[in-house]
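The structure appears right after this line, and notes come after that.
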Amino acid sequence: MDKKKIKNSLVDGPITPEKIANSIAHHQVKTNIGGHDIFLGQVRADEIDGKEVKAIDYSAYDEMANKIFDEIREAAFEKFDLTCGHIYHSKGLVKAGELCLFVFTSSKHRAMAFEATRYITEEIKAKAPVFGKEIFDDESHQWKVNQ
Amino acid sequence: MDKKKIKNSLVDGPITPEKIANSIAHHQVKTNIGGHDIFLGQVRADEIDGKEVKAIDYSAYDEMANKIFDEIREAAFEKFDLTCGHIYHSKGLVKAGELCLFVFTSSKHRAMAFEATRYITEEIKAKAPVFGKEIFDDESHQWKVNQ
Amino acid sequence: MTLKLKYFGMVAEASGKEEELLDGAFLSVQELEEGLLLKYPNLSEINFKVAVNQNIVERDFKLKGDEEVALLPPFAGG
Amino acid sequence: MTLKLKYFGMVAEASGKEEELLDGAFLSVQELEEGLLLKYPNLSEINFKVAVNQNIVERDFKLKGDEEVALLPPFAGG
């Protein structure tokens, strides 16, 4: 069994702009980086059958989700020439307009960061055991399903 | 002559993480956005002939640069289904590790934002009349040339 | 031998619980699933995957009987 | 008629100035360039583009004589 410590990529509640700013600031000491690409997922107030989504309540199979995030990050480092790669996903309630996903890669040259962030984002949507309960303005709900 | 007011995309000195956080926060009221993609250009401490780049002093043909940024943004809105698109480029001294370019697009669906941010970044590198004097640790310099 | 079962999202809604311990001689994921469908008929409406010890497996995966088995409805991350 | 010339980056370094007004009968960008190369021989080492009133033009572009003409060395934005 692989006993290495797996990073916790799950964040309680929405991801704040301050967290993103701090994360960017921490990379300013890495002067071999030439470009960063950041993807942010934001909860949409979709209208479904006349009702509006006011929040998504995210749940996850925590241990497996963190293992999958770790595998995706490792795969990205093998595929692309990266300096850094980070993944943060919300758990719990995230209101419409708030951020639920933060993918951040950095590289010497921009092409690698562009490709890695996109790859990681698509992999998370396809493989991470994260579940989303879309809560409507009348307190009813439905379960979100990634396409 | 086109007399429309053109936005000033040039920023004095480095682009700060706080500016980026504020820009992200301003988009939280736009609840039709599902994904943002952000590219950040960072000055690298490249070693050239044994000397290390400690900063880039950016200059620009301001009016033309802003016109080009505006044209690139307009072209991106025509090509991709975007909700928002922003460009900020530094002028003046940006030290190694600091940020010189901030491209930020938002869309209902992630694919459009990924493609638009990349398109805008490549267009800026190819078309914007921005010039960069790489300043070495011994105060000598050379002029940066985009590949 | 006791399986530790974990339910998520709409699966947890259908079973009315997030986890439970289950005794019984289930030789494969397929057999376990048949047992759970009898217990929670609503599960039949859900398109779920099964993870054994955090790895997604096929229905013919053989169980030893002491694993952690999770029923995972469609993913919604990102 | 007076051209307003603007120099940037390594062009400004070669000419020793960032802008100047230039009188003279230059019928095309090509002719202007030949005049400037005589004035600033170092320019011959620089691969620059020419913008007339903020639009990049070819060497055969005709000048009226009152334009803003910018000499743009290789771009380095981003």
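A few remarks follow.
Going by the order they are written in, the chains are A, B, C and D; count residues from 1 in each one.
Please note the rule applied: a contact is a pair of C-beta atoms (placed from the backbone, for glycine too) under 8 Å apart; a residue touches a chain by one contact, two chains touch by 3 or more.
All values derive from a computational prediction rather than experimental measurement.
Across the assembly, the mean Cα position most removed from that of chain B is the one of C. Per-chain Cα centroids separate chain A from chain B by 24 Å.
As a whole-number value, the distance joining the C-alpha centres of chain A and chain C reads 26 Å. Computed centre separation for the pair chain A/chain D is 49 angstrom, with centres defined by C-alpha atoms.
Multi-chain contact residues of chain D, defined as those touching 2 or more other chains: 78. Along chain B, residues 41, 110, 121 each make contact with two or more other chains. Pairs of chains meeting the touch criterion are A-B, A-C, B-D. Residues of chain B touching chain A in their complex: 17-18, 20-22, 24-25, 27-45, 96-99, 106, 108, 110, 113-114, 117-118, 121. Listed in rising order, the residues of chain D touching chain B in the complex are 6, 8-10, 13, 51, 54, 70, 72-78.
Within the complex, the chain A residues that touch chain C are 41, 56, 58-61, 63-65, 67, 89, 100-101, 121, 124-133, 143-146.
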